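Going by the order they are written in, the chains are A, B, C and D; count residues from 1 in each one.
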């Protein structure tokens, strides 16, 4: 847990905050869950947890680090018996290095044990937590997910399902949940359907997972997406589908297609890799370049680069090599070894780049710091021109629905024009995909026609779900600012009066 | 260190056994070494070590696991002061989980401390060790490298350099060494030059490294390859180059181009990635296929696949996704979860492959077990035809020069014809690159013209350096077999005589 | 945490379940707490925790193992800044190896943070917990102490002090508490005053601790005992003493004098060591023996043995040597090495014992298994006679007030007469102190005159505080037994009717 | 291994540097060795190791920390199969925290494996090591024991026994050894017999151990002491006793009786506890005191205090309580918490001491720092007079035979008279046992009559064995001093000449 390192690091990406998985009725429930979480590792690498149920008791294991480093040891897996299990990958380090924040969270209710794994973010968690604390609830984690447990615990509903519906009706935000009680496994997706959740089947055992790649790894059959606003209740007797929440227009996160989801997943009927190649093709059509070579920033820029190369006819090549051994904990740079961060992960392939006009394709630009270094590295390797093409529109707004984004002022696109950004990262040209281009790549005619189906707030600022906590915090800060200014004015008036 | 895992794993590749690095005269010597070892991590992942010298004392840190997990913590790096350092990445688990086998090895000689990092394999280590033990030397590791230390210790040479030359003159095999004494850093490469070793320069500080990618990461300038049979002695006063060993025809390992080296390295004047693309092009020319898609087995098959696609005109696409989070310790498969090994690392991208005739490009086939699973996975994902193309000739012989190969009988190509292999892995067609094709890709006209420059024993069985220990062992086994047969015959004779 | 050991172990003692400590207003608050807990280590060795408050935030460290192994590292102590701290030693392993059960427990109330450290046992915890869960409280630990937190959280009181009084008024049992809020440190002792709690002063900083030995170690002045039923509220402005609970006759645990407390502590005005010596003298008077030597079972039998020797005139000597290096985790005995448990801790000193008639003095007998082995060891070392004298009456009943006792049926004195016990442990004579003798040793005339001041339930079964949970459990078991018997009878009747 | 602690610590004692144990021919060999080492834990607490032999292979486990914390886990013990084992407890931290210094040391000789465990100190180790390094031996540890391995390895003897005799003939100093080869277990004791070594028997399996308490714990029979200069060779066929070394007058360490050995051990036919009681009686006779109470500094002063009390008729009582939970790693004192070191381990029992004239009995005084604090603590607890009586003569010289002593200038008795020491530690009177008194306690008439049997160099400076390395070092320092003074003189002369 010691994060004191000498090593320069840099990771200028948005990060998905979680992956969820559950299986009901299979002798290898915990092992399948570990495999599923491994396939979903890209959605969160800080820690992972599994809760299993053996018919009588619940068992929990939560560990910092990768699934493959923790949930592979026989001793750990032997402590997770039973035919039912749910699991969770966690990205965020919110709340510090305490395993109390690693999900699935678990509570012993009056009616029995209950585990919940959550992907998303509850936008009114703070407000609800304060209300619950007023009535005497004690919170143990700093995870927004814990409000769900307390809302269920304090619901007056008779049956567990009613109490869960009660609880979920009080929260706002993005939530794809997989829950396990002593009788049931429950999957639920918020009415906007911001985060993905799919239903699968392995030899008759129902599976819930964030993405289809988690079904593939265990050889499970993809059944269908869990629908926005749907709650699926799985018991030994079968499966029930409810629509208990107030309906809303769907708003699936379009950035899942751009970067978050694994390319081999199929979401909303669209293969993610194929969408990314179409994005590349749209980009080549909208923002062509005269060049000798299309080079991806690996690995996230690769599919779009292939699409760009195919449509433009410019050859594709691996001009940048990615070192996959790079650790995730290289933080404080040493004084004497500066600017090495990007090289820990990437190296320009001089033999490929020297003397070439290069189209460099990346999926997005967040702070711009990494782009700056990558471009310098490519030029140092001898590229004669660098034309940067970005496989998404400029990222101008923060996400509040389960993605770790910097605050808005840190997003380069919120502060600079495309021209200014091009100067900053020192490219010969810089172009972004248009919003309409992005919508075309996901199969819509344009943003206008498709906006009812996707959340694109990080590109547009059109937030489809209320940001209760954020607005309260902003209002409070505004009040404080007004009060401070009033006080200053009064002091100034007094000074003038006195002077006069 | 607990390797008891439930998780199915499989890694059907040959493995380089080591990477070496050294820097002389830089204030960040140990940190630069850590960065260099990180860039060379593909040459060995079991453990890594660094020995530094601060002008008065030597300091050593040796750890199991990745460089990025151990040599990034400030506490570890603070224990490695000084302006000179050498380091080593280790692959093999020979000798079990003891840090006594993690290099650089170190000894306190009568004349002072001495550290050595070795990439390669000493083919007469066992014979030399027995001779040294007879005279009273005590061995502490099970590493063949330790014989070098004892040979230096027992040499009657006056100066250290003479004693090192003495020692290296007694060993046979492949050895690229980086050594550090209290006065000097020494690089040396066996007369055949089997393993790579390059010389670089960072702001006047000489660097020795296995590959150029370790120079790139720290921004060092590539000076030249250390020549086969060359010994370079670096002191504060400058650099001296000696040729103290009996000369030999060079035999650089051609498999470094096929798989071991990093694609962004330049070896013998050839960019590795470019060689691999040429291999792909040669393969497309020699062994074409009628297909819709060229798909690499990532990541090692990717450059050849790009080369194949370019020459053949068949589109290139990522039909298999690699999960880079896969741990390295997934061993014992559980009974109930079989055949999942390959899926931990790879998943077929159904949306890309369904209904397509696919050319699948991989760098080599070792046991064939992984190919079998990959092909099945690709077919399960809907590919209508699978044409496997291998970017090297059939691997028919074990390597004794620093590569972890299974014994010969485990190599599928030593037991089966290409036709039989195709049946075994269940492809529609299987083709390997020819020997001449491989030589053309590295810039020779043919094997006949280039055989003086490369070791290709793993493809041909033409071992350029004597296998002393192996021959002794084989001779011993033969003797035992003969003796056993003789004894059986005598018993049989006696039985007959008695019966008669 | 791996408790799989080959080593035979045995510890046939009752165990105090906790020690508590708090300091308010000293720059070294956490360090003083660590020292205090170290002095109280005999009250609990499983784990320890400290919560400090730095004026703005609370900080917590909880660790398995000894104080001296965890709270001595600078890194740990640096994470506990502030001038106020409370701490806790824990004995019991109830709830398994989870740090969620290591106290002080902490909760973030609507009004701010709150930490509590508890010595004792709440006899209606289960009943209260069920009531709280019905209304929606979620429990995180399996510690009875957590009900106090939830009762405070759900109290309708306005000020924190009122809410604590509310909460403590609802629980029954033994509780000596030290609590820390962002404004106050609070000490409280149940109206019966079963467990000790003292008030001290270090350079003006108030201290609360289980025993005076924790004051001595830091050089603090002993002020007075916290009274039964007293609640002390400490703020920067001073100290307030309340008596908010229904009054009760005091019942201080008399076994604290016999075994639990440290001999150098002073409790209720009596030096513990002096009481134990008086016990030995009473024992010599009541139950004399003709012998050559008085030998203690070290260390707990030593003071009584000295008292016995002084009064009887028989020489005192160390006939049994205790090995203080013995670990606390020697559990599963190996098949082949039986009966070695006692020898890990004790060895008979043959040179002292051979040929001697020995009075063996121990503080108490629980299961009798250790006595059996000790006696055998003493005889094997050559003692000609063994006269066992026990420095307390027979332990016939379980404790429900904060002591880890086996269930009643495991207590040898609940199943056997003194005569039978003597036969079982194979001594020439066995005698226990009388109840009146014990009361005389603590300064009373007799049990009759002193019974208003002490709890002696473990010797008499007179439980001064209701055992709510235990009675509910027993009643439930009784009901089940009656129901089962009724069912059997009905079946029998049916069988008869049918047969007839 | 992190020794950064805030906690004040102090341990002003001499420390035995090792304990050894071996068993040959028992199915539980490693477990018995662990138990034996546990009984010998007082001879070394830094680390412990066991090497076992299973008929084909050697197995080794070496761990920092207590036997009971490491050699009790089943996983560790399962890695030590076989019917033969040797083990070692290590005190010293020489060489830093590397397990290379934890014994038994092991070497793979040309003739097979060999393990050695050593108690003592080789006084010419440095000289021998330099000679061996000149001829090419490479040392891996910083332990003096390793020279034995190299001497055996380089011996020209034919049989192992001859080579061991060769090796041991070249070393000087104190050595009690237990060795294990693939055929034999060998015990050997230097001709002076400085350190103890005993032979035992468990159901026919021979045992070697430092003290008899290690036989008691496993129920083994004591056979006899291994004699000074004796070498015992144990094979499956039986036992052979040799006297292969040049004979010498015996010099058993008399301090083993004063402090090092466990009181329940029998050495040279004398029970250690009994010797200590006789020491106390001699002390009371030689140096009486008028007082109310005899109080030991526990635990080492206790037997002498009992002896003193018995002879003087002054009552014995426990006026100081020892906290046995104290860790061994409490080092750096915090600024604000000074002088607390002694209280971590001891607390004065005010109720016993207040108003009393106290005879305080301790076994020895090393630096005097602890005595100073103990006396202050006793006075603070109200003692009206403190008469210190020390159960040995003043410790005026360092030990070079296997005991960790400070250099001579740190020994308070080498710098001060008894009168000055009394002033320094602030007692009303201070008296030491006389040399003759000590010899009487071990059964001699006087030092004159008994000096042929014991080493008393720490009291007298009469070193019975040459201090080769120490004399070389001193000679070198003298030379350097002379050279420096000569140089100074020359400079001065030149200055004068110039000035003149």
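We adopt the following convention: a residue touches a chain if its C-beta (ideal position, glycine included) is under 8 Å from a C-beta of that chain, and two chains touch if they have at least 3 such contacts.
Just so it is clear, the model here is predicted, and its values are computed rather than measured.
K.L.:
Between chain C and chain D, which partner chains are common?
P.N.:
none
K.L.:
Name the chain whose C-alpha centroid is most distant from the C-alpha centroid of chain C.
P.N.:
Chain B.
K.L.:
Between chain A and chain D, tell me the centre distance in angstrom, where each centre is the average of that chain's C-alpha atoms.
P.N.:
Chain centroid spacing, chain A to chain D, equals 62 Å.
K.L.:
Using mean C-alpha positions as chain centres, tell me how far chain A is from chain B in Å, no decimals.
P.N.:
For chain A versus chain B, the centre distance works out to 38 Å.
K.L.:
Can you check how far apart chain B and chain D are, centre to centre, with Cα atoms defining each centre and the answer in Å?
P.N.:
Centres of chain B and chain D (C-alpha means) sit 50 Å apart.
K.L.:
At least two other chains touched by the same residue of chain B: list those residues.
P.N.:
If we look for residues of chain B contacting two or more partner chains, we find none.
K.L.:
Between which chains does touch occur?
P.N.:
A-B, A-C, B-D, C-D
K.L.:
Provide the residue numbers of chain D that touch chain B in the complex, in ascending order.
P.N.:
107-110, 130, 133-140, 149-150, 153-155
K.L.:
Along chain A, where are the residues that touch chain B in the complex?
P.N.:
2, 4-7, 27-28, 31-32, 34-35, 38-39, 41-42, 45, 66-69, 71-75, 77, 213, 216-219, 262-264, 266, 271, 273-274, 277, 299, 302-303, 306, 310, 315-318, 321, 323-327, 329-330, 332, 334, 336-337, 340, 343-344, 347-352
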